[in-house]
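Look for subunit A in each of the two complexes below; its partner is subunit B in the first and subunit C in the second.
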Partner chain A sequence: MKVKRGVITGIIGPNGAGKSTALKTMYGFLTPSRGTVNLKGERVNGLTPSQMVARGVSFVPQNRSLFNDLSVEDNLHLGCWHFRRDRARVSRAMDRVYEMFPVLRDKARDLAGTMSGGQQRFLELARSMVLEPEIVLLDEPTAMIAPKLSRELYDFIATLPEHGVTVVLVDQNVRQCAAVSDHIYVLDLGATRAEGSSEDFGDDEDLKAMIQEWLDYEID
Partner chain B sequence: MQRSSSPEIEIDTRRADTVRRTLWYGLVVVILIWCAVIPVFDGNLSLYFAMMMWVTLATGLNFIAGFTGYMPFGYVAFYGIGAYATGIAVKVLGMSVYLAIPFAGVVGVLFGLLIAPTLRLSGIYFAIVSLSLAIICQRAIALMPEEVTGGSLGLNLGVVTVREHGYYAMLLILVAALLTASWLARSRLGKALKAIRDDAEAAEALGVNVTRSRLYAWLLATLFPALAGGTQAWFTGALDPQTAFDVLVTAKTVIYAMAGGLGTVLGPLVGTVVLVWVDELIWRAFPVLNNFLLGAIIAALILFAPRGLIGSLTRRYPRLRRYIM
Partner chain C sequence: MNSVLLINGLIGGVVFGAIYALIGSSLNVLVGVLRIINFAHGEFILAGGFLTYVLLTYFGINPLVALPFAAVLFFAVGYVLYYLLIPRLAHSDEPETASFLLMFGVSLMIVSVLTWIFEADVRPINFSFDPINVLLYTVENGYGEGRDAKVLVPTARLVALAINALIIVALTWFFYRTLPGKAMRAAIMNREAVQIVGIDIHRLSATAFGLAASLAAVTGVLLTLVVPSIDPNGGADLTLIGFIVIALGGLGHPVGALAAGIIFGLVEQVSNVMLPQAAAQMLGFMILVAVIFFKPSGLFGLERGR
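Up next is the complex of A and B:
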């Protein structure tokens, strides 16, 4: 699997395909039993998440990862942990993220746990952005949030490459994932079944049938 | 997400910060002055000493239990070690008691460092191992040569100490504990600790060094009981293994801290002051039934305010959070 700089790479597949495992392995939460993870030519197998953060990689996990008893502002400040001693940079990063998500400025003093599910997801995304990352790993960002917010979230994700951010996106929502992704990997049982752009997939009847099968399964 | 500019909110937030800090530091100054003049106007020095000591212990416990979620049932070990470090420093090493108290703090922290690997455990396992270590410490001290620890009879420091000086030392330690708590609550370390308490994996994902942060909280939590134990030995002039390592010290500390609300700076202070005063009043009015009544009050408090007085108050009135440290 190769992720190109400055584009959105989508990873789709049925439950148990290994999508989240792939992201966690890239981020250092898991050590690969085989193969290597390389970042800009550097082998990063065995590096901790903290070391990956230092290399400009951020990760938004599938499960809620906010600190509910801390305020919105404190949650965002924790996103600046890697450069916490550089006050000027922290201040710049906070201003930048408040500009991207103005509603968070209004809620800065609110406890994260008191926000709605959609707002919490935006806060998680915002927290991953304060790091000013080169690469963002997003695991099921729209899981369990309302369709309207889901669209807003995807609209935002689609703009990230314009800011020079490389995105690796895992989502069960094949249509939305394919719509924003420049390149797609199809995983099944831990192996890559296919890869290409969403247009390429349009011509592959077998692949379309396979994806349709998952969709039918999900719809049921 | 809708765009909105909010200068009013920023001003409001700054004002709330100012009010919160003013209230807190004002309270610390009032406590300092009140406790400083008590020996002049009131003969009940022991009650105020006990109050200051329990607030210090509850605040120290809050560093590890409130900020990281670890509940050390053997918390008394640091109190006992501080008391014995002071006793041995004065009686055996011939050290001045004024130097013996910081020495006790250092010994407490070093012991905390020694058993820091137990932080790899969590929940009830950590609590049980911690309690076991306290019992081991008690037995070890009792079995040591009498010329060092006084054996099971303990040590008598009465002839080398001045009680009032011990009282003021406790006051200084209390203020240091409260200021440390307020610093921790506002610091990056404090925020990281609360994040780790909520979700250690998520905190790690942001680059927080979970092990190191927990260790800092742990060492802070070991310092203050050691200082308090040493000062208690100074104030009473005597110590023995049974009282220095009495598991009730842990139990009372936990109850006082929880009664106010773990995780807040004000909680352990309020919980301790309220319960120590209630205990004193009940004891005076109902000398026979005092323990029964105190137990009933604590049970009611835990039932009706499970997050403690301050925790429950801020839960019911969330806006108050902005003004409470």
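Up next is the complex of A and C:
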């Protein structure tokens, strides 16, 4: 699997395909039993998440990862941990992220746990952005949030490459993921089944049938 | 007569309660950040106490001078001990049970070392300030027949209380106003998520272990100011008090530990002077059982992020 710089790479597949495992392995949460993870030519197998953050990689996991009893501002500040001693940079990063997500500035003093599910998701995304990352790994960003917020979230994700951010996106929602991704990997049982742009998949009847099969299965 | 006893009980309750709050706070950091059941916490406190005893008895060093020395030394010991012992627990199928057994072993080892060096004897602490006591309050005609009752408090106890209060203020400032303190609270709420924001969980945990060991040693130093002697076998009681304070105050809540420590100290000390001894011992535990029964997360307990 190769992720190109400055584009959105989508990873789709049925439950148990290994999508989240792939992201966690890229971020250093898991060490691969086989194979390697390379970042800009450097082998990064076995590096810890904090070492990956130092290399400009941030991660928004599927499970909620906020600190509910800390304020919105404190949650964002902790996102600046890697460069916490550079006060000017922290201040700049906070201003930048408040400009991206004005609603968070209004709620800066609120406890993160008191916000709605959708707002919490935006806060997690905002926290991953304070790092000014080169690469953002997003695992099911729209899971369990309202359709309107889901669209807003996807609109934001679609703008990230314009800011030079490379995105790796995992989503169960195939259509949503395909619409925003420049390149897609289809995973099944831990292996890459196919890859290409969403247009490429139009000609592959077997693949379309397989996707339809798992979609039907999940809908049922 | 009873009012004098009550005032003595209340003063003792605040002095011991503040120490219990400190024990609870340091244990809270360990249990919350590292998710380990540190059965050796009381022995760390004793080790701090015996260090003070040695410095005082053999080198004539004032406990107030020993305090910062003990704090720094035990921070280093805790920091190193974390890397030696704890990361390996992650390979266990049951890390929390393994941590319990491991720290129980460490506790027995510390007791053995203390007994080896100091034998099983209780060691007296021969230290006092000048003046030895401070007159806090006079109850007119307290003893009847025109005799006033004087409430005297040992100066050392008041000094210990003042230092304890300063440490608690400093701890509260650390946990609520500094980023490393907030990171430790964050780890108590959601340990996995602190790694997501790029915090090195081992370094944070080692710092938390160092902080807890340092606070335990400082508690041991303060203990030598408020009790007449220290006992190499007294660690288990101190550990038990720490867990009671956490259960009462709630995991991960520094203010909860403070309130719970003071409540437990007041109940224990007041009932010691007002009730038969057996009833006094029972009362503190009755409060613990009642809190667990009616509010299992403790008086100030937080809900975990996950």
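Keep in mind that, in the parts below, the second predicted complex is superposed on the first by the 220 of 220 C-alpha atoms of A that agree within 3 Å, B and C clash if a C-alpha of one lies under 4 Å from a C-alpha of the other, contacts with A are read in each partner's own complex, and residues count from 1 in each chain.
Here, a residue touches a chain if its C-beta (ideal position, glycine included) is under 8 Å from a C-beta of that chain, and two chains touch if they have at least 3 such contacts.
It should be emphasised that the depicted structure is a prediction, and the values quoted were computed from it without experimental measurement.
Aligning the shared subunit A places subunit B and subunit C in steric conflict. When the shared chain is aligned, subunit B comes close enough to touch A:T114, but subunit C does not.
By the touch criterion stated above, A:F122 is placed in contact with subunit B alone, subunit C being left untouched.
In the superposition on chain A, A:F29 makes contact with both subunit B and subunit C. Of the two partner chains, both subunit B and subunit C are touched by A:V53. Applying the stated contact rule after C-alpha superposition, one finds that A:N15 touches neither subunit B nor subunit C.
Stretch 40-48 is the one of subunit B that runs into subunit C, the other listed stretches 4-12, 22-30 or 40-48 having no clashing C-alpha atoms. Subunit A residues 29, 48-50, 53-54, 59, 61, 65-70, 74, 77-79, 81-82, 84, 127 lie at the interface with subunit B in one structure and with subunit C in the other. Of all the residues in subunit C, the ones that touch subunit A in their complex are 179, 182-183, 185-186, 189-190, 192-201, 302-303, 305-306. On the subunit A side of its complex with subunit C, the touching residues are 29, 48-50, 52-54, 58-61, 63-70, 74, 77-79, 81-82, 84, 113, 127, 131.
On subunit B, the positions that touch subunit A within their shared complex are 1-6, 9-10, 13, 16, 188, 191-192, 194-195, 197-199, 201-209, 263, 318, 321-322.
The touching residues of subunit A, counted against subunit B in their complex, run 27, 29, 48-50, 53-54, 59, 61, 65-70, 74, 77-79, 81-82, 84, 101-106, 108-109, 111, 114, 122, 127, 152.
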